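Down below is the structure, laid out as structure tokens.
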């Protein structure tokens, strides 16, 4: 690895002008309202495992357009009363995996809600279980970044971000969860979803975006060769006449625009050798983030970021914001 | 490049046992019938270009489930009467492109019908225009090979192969086309589609599969690292419990099974340094092909195969079978 | 990925002749006795974390030559009485990491003892804390495979395997551990260490080697380009006159020779697309393994093997052998 | 891909000082005069094909030093009278291929003259038929960029550019060609040759250099790792004492110097992710181009540039300048 | 590295049928005679250096068609009387370099004649000084392997091998050299030239081909991806109709055919991880070699082979055959 | 290759602030004194070879802590009286090899002392013979850059630099060496050691660091992906909390700090396409070098630098400073 972007001093000052469509709030308001209107009660089915310290539930909740989305819900066994809860979103290509892939937050005493990412979970690591039923839209570059990218109404992340809002709703509604003490988090794509939800859901107690993806798309496509941003490049390499259309769509889904609407305290991370989510795209969101905030800088790391070190930082942060 | 498979002598003898579901014919009969039942008349809209020797039409025809599929139709300008027609299918990742990407067969005096491949056409070269509207199904590996792969009814290539049958129907129905003189062809994925259609449509005058893909999947996944077969590997790397399900599905879509039902004369090609569509997978289909057949072997070529040399071979073949 | 070795049928029958030095047992008997003689009591210091369901201890125990080796010891908080315990060894390049990297077995109700690997833990992922103080010996290829490789007495894995035996001793001696119910396991290098310990320690209840490394070295150096076996190739590429010396040394450390001395029931795994630990080297150990045994074959996986799926298999196995 | 050079704004202003030998014009004047003096009549032999809309001729004309150079000449069959003609030069490594590789301009109603590139045409795609008989000169890096590079008189591109001038002469002299309506074009090396000819031949009606190569060599060798410019780097890496000699030679063959002598209207293209012909080297020539000019910027493309989209742009341009 | 070809036992038995043109001997007899007829006296010009133990001469001798070929001649300073001499040929891409690149054999007390390879010496390491003046012939793949490959009379290695024979003549004619005590050697291409000369020149005292290139071309093109054999693959990938022509030409230049005519004692080397000159192609020549012979097998080496270890072996061999 | 760092003009002015520990001189003074105190007489054992112009001695001298370090000593055979001597240090990964790997300086009439590098010499090229007996310290990244890096007292290069000082002592003490005429040199790591020794040893006659490594570590880790600097990056990627510790240690071993203490005339080299030892790190040392100095700039070379051209430059330099 080597430094892939500007020097840290310059990154810390980088607060680019935002490109925001006039109907950004209206778009998201109606999107979320429609999903909630189409929603049904989430199901939490006890899931038998060999685990002894945690109760596992196989979750199905109503996401975008009321479509079923899967997840895991883990409750520490010996805890009592309503618990603070962490809602977690997953990195690109991964799905909800198996329950024992997610032992971290319940071991720390929190309820833990892991949302499957629709259509994903066949990328070679965490397995997924949720379809993206009406999702393929027009021609797309292999992957998910350009699925429906010519129209904000049909763009893939409209569905994913809505699922993510509804995952918070589902967690909040569980009898063992204290609805005032919800934190959200995730790494890479999970971090991008986290930032989106931070601007769409009120009353969150904490926000933990790690090396977030889905921020400041245009610069990302210009400065890195790495996937998944490269999917957009490949799309525009083919559809040479769609450049404006694509970036218009993406402006509805840019972490930079969600960050400016956030209010909850946040604990970010960024890695200076990260070519997947280049530091300037992370700082673009961080510097626009409107809530109280801090960021861990990992100078000698790539997209893996702080890993267990960052998890330790989050446990400290959660102890503060969730108790 | 280097030889990637068995010696030629062994390839020429390779005729593996076929794995065929009991309801193979029933599955395809009902699939095609449903598509025809849902179909509407194809539209051939004159498309203005700067070309002087050819008339170009922007085609929209009813494919799988009657869904609109795009294409180009090119007619040599100074020809008269009903013409023989070549229906062409496109390689993986490509779309129908622009009309002047397809000047070959009309220059040889044939009508030429180029079918767009649904969902594709954003892969960095030929641009596409056809959505795969209800197509995404369950979790999938980036690409198209595992879209709906857990169920033959929802597998992506059920829709594509049906589109391809209906493309022949559309071409046959055009007033300037002689329905008795239809040849079909394509390279790689286009070759795989060609073989499928050769087993599904009667009365074809010629079949031209070049370095065909979509044949003998299981061996392909075991002997090559190359995409797109690798998409299946990645899927099964994740969904470790879907191996049987996936290969059950794929048995409905295997060129080896279509080839054994074909009757038209065929002109194949294979390349001995082709790691994308390894020679033994091509020969598996070729040696099972039930019609009259010949094959050009390109020993020092990879997946590009014979290119213009192979095109020249096809022009000779067409002169014989179409006149 | 693609299949990197013989067909499965052939692998299942592969039981190569072993090359074993005459003093193999004497060598190991004296090695272990000396370590035990030099040993002091292990220290288990409570380690503060934010975890609520598990008590964490920072372990220092006496390994090879009584040298201090670190580890983590995790106890599920609400369990009572002596517990069965899993001793885990780590993959190449990794160290013991942070405690919350290891939540799996304690969540299943077992005591969990994670042994740091001396000298390792700076490879870019799991951090380590144990030096290999007198270990560098003669010229070595970067890495650990050739450290002291010209002499069995000074070879790196003499120290590591001895540490691993002493880790079992340390776990067995803990007041909360039932010494009759110890299982050992690990992946890759951890799997190789596991096999070594299975032949050196009596009375184990279960053995779980995943995609094990350190088996059948000579064939490994001939059929794979991948590291870390490649370190041996690089060494011999330089020291052209050390071939016999090196393989003489390695015969004292070959999983194939330990396996034949094992008695405990075992649950192996192997991946057919694994070029790091090629399947034939795994089967060489498995087919020589003298205890009751089973193996999970992951056909479409590389060196990652079964991951969470394999963990689930181990939890079933442990439920049987540990209760 | 990612942006490989300066931001577009900076590129648009980039007009570097030119390094031009004092005898540049004299050098080229005598070179071309000698070739014309040594020339014989071009031969256009009818070439049988299966094509129906075009007449194909196998061309042999006298190039540099009167040496025979091959080409294809295609005439749209049903056109009448003298036709405007496009003379096309080919990308690096390619040869004239087969006639049906070149159907584009004749389909648009123009005569089309495709010049083979001496010595090339064995690079894995378009096949070539023209030797470079006395061409190898001193030691050279594999490829053509350093063939004779120590002396402008013997440099490979002296012969190629002269061939290219003589190709225009040959086309102009054909009875079916209107000598006042000649356009020239090509991509990459073909674009570089096009720019050279634009400065050497008078009375051209249009000039179409796509992602041109052979411009602003020195900067190219400093900012890109990609071949073929890398051949010069490899040469100078070996011949450490030839740096000045090499760049002296290249100054006679730099598109920047030809561009400043051009008078015909031009339609350029450049791709911002093109590391083969970096944008600043293209703009160096474009900004010095002395004729009327326009440039298509393909921001998300590499060296493939606009492909069919760019061809469409050229057809519009030709309709304007050739009719 | 890993083993790239058959097991050693099989290699040692591999003695493939030779493909030899009927006029092989006649072809070479007339070629060499013409060169000798066109030859002039070699020039040995004292070359000033800072070296104290060796006298250096800049050699120009008449090679193929009497064309000037360069070389270095080094004489150990304090030796007396006629000396045995080693004539050395250079690996692909390299030239004669600078005199202090060649201190080995003179330090061992031998005269040392280093032949520059025409046209080469710009490949990034050893610099060259000899042109290949009339050498480029028809279209060629970048490199030297296909220069003139359609005709044995014009094939590049006809000129190189003839130069190499004439280099022996030049060395033999030097007053300080004992013409009865000439050994020849070289690595890779130098080894291939060595084998050729061993079959063309009588009375050699020793032959030292290391990891020789230019042997058993056809199998080489089928089993390795590596350059320079890959140049032939690339050529045939383009010129699909030249396969027979090319291998007919190469049969005049195949080490297998020269080896069968050799009489001098030889000291070969081969490396089992060498993908540039795969072991079976080396053994094809070795097993056909008609003189007394031995071979060093370097099992864990790639194309570098034994390097200094092999040099030590040659010094022993030379002490025996040259004294 | 391409330019990997700033433009030459900027490099020539680059003289960064130095980070130097307060006890730098004390640290090195005591280190060297301890080594000398622990030292024994070097042994020079005649080593039989087939070489005739040079006498070879197998050297064992007392290095750091008096530990035995190997080397070769070569004396030109026919020279008389005390000779000037060149002490040479070796590039990363290499060892002292075989004597005939080092014929250069003795051929120029100098005594030549080649120091083996402890622990190295198994990297695939030059073989080594010297252990680093108590050297492995804490966890380390494969390689030597992070061996003991958390403590200057135990850092690997403390031992190597001390060995290097003692090698000069050993050479100076040989009866055939003129102690006033010692030059030192080496490439890459050998160049870094050279600079260190230039600041630690008095009375040197000449200093020849080529493309030196081990200078200006921090910038190196930020701007290049290449090994071996990348070992430090990998270490810090894992040990995220050791950044300050590591750079504190490295400040005792930075060529920039040694250079400022040097007094002897120096002949440097730098390559502008060198990503292993980026030019700015070389110029950081060069511009701080306190003695008379010159530098050869190789613009089109990577880490190989000037090779034989640079050797020729050094021979001129030595003729001046050694006679």
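Each chain carries a letter (A, B, C, D, E and F) given by its place in the written order, and its residues are counted from 1.
The rule we apply is simple: a contact is a pair of C-beta atoms (placed from the backbone, for glycine too) under 8 Å apart; a residue touches a chain by one contact, two chains touch by 3 or more.
Not measured: the values here are computed from a predicted model.
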Sorted by label, the chains bordering both chain A and chain E are B, C, D, F
Chain centres computed over CA atoms; the one at greatest distance from chain A is chain E
In terms of CA centroids, furthest away from chain C sits chain D
When A-C and D-F are ranked by contacting C-beta pairs, first comes A-C
Copy-to-copy rotation (chain C on chain E, CA atoms, range 0 to 180, rounded to a multiple of 5 degrees) logged as 120
Here the gap between chain B and chain C, centre to centre from mean Cα coordinates and rounded to Å, is 50
Here the gap between chain A and chain B, centre to centre from mean Cα coordinates and rounded to Å, is 39
So, in whole Å, the Cα centroid of chain C is separated from that of chain D by 63
Flagged in chain B as touching 2+ other chains are 125, 127, 237, 240, 304, 309
Contact graph of the chains (line, ring, star, complete, other): other
Chain pairs satisfying touch are A-B, A-C, A-D, A-F, B-C, B-D, B-E, C-E, C-F, D-E, D-F, E-F
Chain D contacts chain F in the complex at 221-225, 230, 233, 236-237, 240-241, 243
Touching chain C in the complex, chain E uses residues 1-3, 273, 298-302, 304, 306, 309
The residues of chain C that touch chain A in their complex are 49-54, 76-79, 97-98, 100-101, 103-104, 106-109, 125, 127, 304, 307-309, 311-312, 315-316, 318-319
Interface with chain A, chain B side, in the complex: residues 93, 95, 119-144, 146-147, 234-235, 237-240
